[in-house]
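The structure's right below; bear with me while I get my questions together.
Residue numbering begins at 1 within each chain, and the chains themselves are lettered A, B and C in the order written.
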Amino acid sequence: MKKITGIIVLLLACSLISGCWNRIELNELSIVSASSYDFNGNKWVNSYQVIIPSAISSGTGLAGGGGSQSPVTVFSSEGRTIREAVSKSSMETPRQMFFAHNSALIISEEVARHGINQILDLHYRNTDARETVNVLITQGNARSILERLIHTEKIPGQGIREILSNESRNTSIVPSVMLYELAMAITSDGKGAVIPEIVFAGNEEDGRSLDVLKKTYEQAKLRIGRLAVMRGDKFAGWLTREEGLGVSFIANKVRSSNLAFRCKPGDKTYNMTFRLQTSATKLKPMLRNGKMTMGIDIKSAGNLLESNCMMDLTQPAAVKQLEQQLQEEVKQMVNRSWEAAKRLKVDVFGFADAVHRKYPREWRRVKNNWDETFSKIQIEPHIKISMDRVGLTNKPFKSTNSNE
Amino acid sequence: MIIKMTKLQGILLMMSTIAPTAIVSVPSVVVQLSEQDAWVSIIIAMVAGGLFSLLIGSICRQNTQTTFLDWLRVRLGSKAGTAIGILLTYYYLISVVIEMREFVNFIGENVLSRTPVYFLLIITVAVVMYGVSQGIVNIARVNLIVLPLSLLVFIVTGILLLKNIHIENLLPLWEHPLRKVAQGSMTPTTWLLQVSILLLIAPFMSKPEEAGKVGMWGIVLTSIELGIIVVAAITIIGSRLISIMSYPTFYMIGIIQIGTFLERIDLLFISIWICMMYVKMSIVMFATFHCFIHTFRIRNEKPFLLCLGLFTILTTMYAWPKSVDLAYFSKTVLIPYAITFNVLIPLVIWLLLRFIKPNPMKAGK
Amino acid sequence: MDIFNNQESKGQSANGVNNNKTEGSQSNASGENQAQLISSDLQSNLDMLHTRLGNSPDIVIRRLGDPADGMNRNSQQFALVYVDGLVNGASVNELIAEISKQTERDMFKLQNGEKFYQFLKNHALAAGGVTETDQEDKVLLSIFNGNVVVLVDGCATSLLADMAGGNLRSVEEPSSQTVIRGPKDGFTESLRTNTSLIRRKIKSPDLRIDAKVIGTQTQTNIAVVYLKGVAKEEIVQEVHRRLDSIQIDSVLEGAYIEEFIQDAKITVFPTMINTERPDAASAGILEGQVVIIVDGSPFVLLMPVTFFKFFQSSEDYYQRYDISTFLRMIRYVSFLVSMLLPSLYIAITTFHQEMLPTTLLIGLAAQRDGVPFPALLEALLMEMTFEVLREAGVRMPRVIGPAISIVGALVLGQAAVQAGLVSGAMVIVVSFTAIANFVIPAINMAIAARLTRFLLMLLGATLGLFGIISGLMFLLIHMASLRSFGFPYMAPIAPLSYNSLKDIFIRVPWWKMNTRPEAATDNIARQENAGQSNPSDHPSNS
């Protein structure tokens, strides 16, 4: 009996002694909301954007968050490997780094040119780094992105993620890429991946201090830019935003988008807007006489949002004409993206997977120089857009002018 | 009143014996060899396991009253019975030690990385020993609560993952030659062969003659479960990425993200999985203990629980100093070892039973 | 009405050694000869009573008949002995009046004690339950059970007339288990009242009441009630066997018995339900359970029970099935919350912060910034405070009670947060846990949840979620191995029985409840037209 009591007392003591191995209190954590990787020469430079909780919400519930302290703090550390850099950061910070709430990962173009294999390995090997973190690329110094504050979100890291998800859901020009999606794309048959670019538009010094939040407008702001293309784990080139939308179409990543188009084929001005609600793309590879063609079937549907064109939309013929116009626009977009991808020689659309699935034997032959074979493919886009609704008015407002 | 297990409890017990360790690593093991045709490997394994369970069933049908080892001793003679008992004890002991080590490794890597391994091991062994001390029927009852809960969690996570599924990842079908697919089915078959534990558990069921059916159903249901997991893994992650991962199942759960408030719920899934592992370890530890007690005809069992527990702790800690040793062991030695004990011994028993006629004098005992 | 069985032979009143017997002998199976008998001389009997009972003023000895004088030795003397306060005064007065009247009339006919005795027994005694005895111990016991003892000079037997009465609490609403809709009568401290309350609800001739006496000093009357043909024979016999083997000097409440006869000695989980409501007891009897009523306490015991029975309240059956199902789900969830919430909170905030949404994490982190204690200590502090408050609320006089509890809970919690001693989230967690604890209908199960909560908190603080899961597995294995009078505690989930599942997590409507749960009975057909009585077939609906 005494022994059992002794054991129980020992166990109790174990649990009450603080510092119980894995236990870490909330106020001993340094919560990282965004991180970035830079490369200077041969050393990795990691930067972390760390949240200061007491600046955001006060614990006792008294008058709102402290307005005098910035909600985040940014610092960097260097090292020969990534994790060595992380461990060096403990020389600067009084708390333990906690990566599980990392929302955005920003890599600089230099790192992308060097190759991101190491970063991906890090995330897969360790348990504390998440695979659902959004990956972004920037052309200059990645750290400077972390230092900017955003008006509408207290925590910039989350703000960046929200911007990206908002964009990919509503305009789909640039897809929101999470780390695991990036890894899956890199390891797919085509070995091509895309990463959205984040840009800081404005003066170098702007956006870093709390004064930014005191104005009603943002003098300089973070925004999503172009699309970066990766061949395997290395950087290959840039695509513009129009080309980006085309890529999204072909790769079946469009969720909803707004398309501006013209009334008639010969027009110069764009004065109609169509909102795409749903879109689906099917890739159909066809092998004819040893030549590979890829049929791209795009089926979309949506409503008309804006019209400044003199057309009576109660007539089915008019609607059909508008649909055809739209189809033309999308076709041109798709062709342009295709040319761009051919120029970069990267299969960002997933053509390789489609070929592999339909013609496995053929695939085995061309597997090893897919980049060359890829550029020789002909695409045949078939686009079908259906304008389900035209809004509440059936004639443009412009038509009322002629009555007066 | 001595309560026995029902058929349903038996089936669920079989599922719990095989499934927990399998679901963690089945995708990576099988997909490495047969890639997107992995589900075919599972089907092959199911057929093999099913045939084997018929064999087991025919042995169990002949034993209707006493425990397995006592009956063996009566039928085959004292020496043969004792020898088989010792072999089985040895096998199940090694089994449980391997599983404990893998379990504790996993917890140490994924959940609690800084806690010393021996502490986790002490807690695990304490719970498992308590379960064993209450008897297998009790473990079956606990299983009846734990297993349906785990299936519910599976279904819920499956539904949450629906939007991540890319069915095209399963194509092209039949790309790999049958040889490779069969190779991929080796490891799942080895797991499914653990149904031979039914030999020991059948006397505790209310209808031991139905042990064959119980085994069949257990194998079919487990294979379906494994098949679903493999298919999900392939369609969600893709066959190439799986091959570098050690625990693809938990990775899949970690991807789930709903809005901003539900993220990284793999810990919930891990919790249910821990419960399932506890049940499995209790079952195999019970098999060890049972074989040990009945081989040596020990009457007072309680003190041996404590020493078996201590022995398990020490062996688990020191048999493989590094985790890479265990991985090497699993890859090379484990498969022939498991096949020997799971297949050969029941085969030998079955043959002996056919050729040694029951002794009418001894049968009356 | 006879409240103890004259034919039972085990000599229960001699269970402990009774040191007060003057000619101390133990009674054995044949009983009658060796026990101390009363003498036929009235005076010596009365002297014996004085010696045994002392001179308490509430023991009334009323002598009747002319005193013996030198000449007229024919006057028959007899005495009535009773305890004032234990008998119904008016009935006793009527009894005396009736006897006097009867014997006055015919007194000259009755010459000797025996004849007088027979006359009294067959004609004059104006009472209902009349027995006779010649053993001294039984006479004394019956005096304390509210009987009036008639001692006749010249006869060695005495008559016992049951006149139990006195001031007892009337039947009122049960204080502990109230319902909104349903019967509002509750058991009282009198055994007879309680059995009558049950008899009123179950008018079946199969209802059996077996009487026992347990407790050497208190000689408490116990009644074992069951429905013959529905309750399992083995269980009834087991109950009897266990009750008979109790050796204790006092039984003041059912709890004394409960600890003797329960199956598992070391467990936090109760294996018997106690209730103050006759309708709950009757419902249990109708399902085949055995009820033990203890004289002197309004709480009766029901057995055998399963774990899920503790979550059924009488009100489930008086409201509609949809709301009952919903409330039952809430009860199960509250049980889990009350057991797990503090430990989960500690485990997740100190070990697994990645499970929290980021905004929540930031809020919690901001709250913890000023708090000096680690999470476990904070939780233990708040839990102890709540337990103290709860205990204090029980002892508080009615008038101040509610005020103190509101003050205590809210203000103390709020002030602690503002002083920076605990974080706000911890106060919420602890108070919600405490409130969830009250949702559980049976208090003994709620206590189990409270106690296991502390164990799980310690495990959670040491090993995080793994520790909690290990603790839960331990409890689960323990619960699955518990038995209540031989029946598995976790039935009908484990072992699975589809019939009994109808009343566990949901409550199916009455027209579908055709079978009794299999825990206590083999006779499971409850209704005649199983499945045919569908309300839509009612003539009024077509």
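Here, a contact is a pair of C-beta atoms (placed from the backbone, for glycine too) under 8 Å apart; a residue touches a chain by one contact, two chains touch by 3 or more.
Remember, predicted model here, so these are calculated numbers, not experimental data.
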Among line, ring, star, complete and other, which best matches the way these chains touch? complete
Any idea whether B-C or A-B has more C-beta pairs in contact? B-C
Using mean Cα positions, find the chain sitting nearest the overall protein centre. B
As a quick test, compute the distance in whole Å between the mean CA positions of chain A and chain C. 68
Centre-to-centre distance between chain C and chain B (centres being mean Cα positions), rounded to whole Å: 47
Taking each chain's centre as the mean position of its Cα atoms, how many Å separate chain A from chain B? 43
If I count partner chains per residue in chain C, which residues reach a count of at least 2? 351, 354, 358, 463-464
Junction residues of chain A - those touching two or more other chains: 22, 100, 130
Could you pull out the residues of chain B that touch at least 2 other chains? 112, 115, 263-264
Residue numbers on chain C that touch chain B, as the complex places them: 351-352, 354-355, 357-360, 463-467, 469-470, 472-474, 476-478, 480-481, 486, 488, 490, 493-496
Mind pulling up the chain B residues that touch chain C in the complex? 1, 3, 5-6, 8-9, 107, 111-112, 115, 119-120, 123-124, 126-127, 130-131, 134-135, 138-142, 144-146, 260-265, 267-268, 270-271, 274-275, 278, 282
Touching residues on chain A, where the partner in the complex is chain C: 11-12, 14-16, 18, 20, 22-27, 29, 31, 33, 51, 53-54, 56-61, 98, 100-101, 103, 128, 130, 155, 158
Residues on chain B engaged by chain A in the complex (per definition of touch): 109-110, 112-116, 168, 171-172, 175, 237-238, 240-241, 244-245, 251, 254-255, 257, 263-264
In the complex, chain A residues that touch chain B: 21-22, 100, 124, 127, 130-132, 180, 183-184, 187-188, 353, 356-358, 360
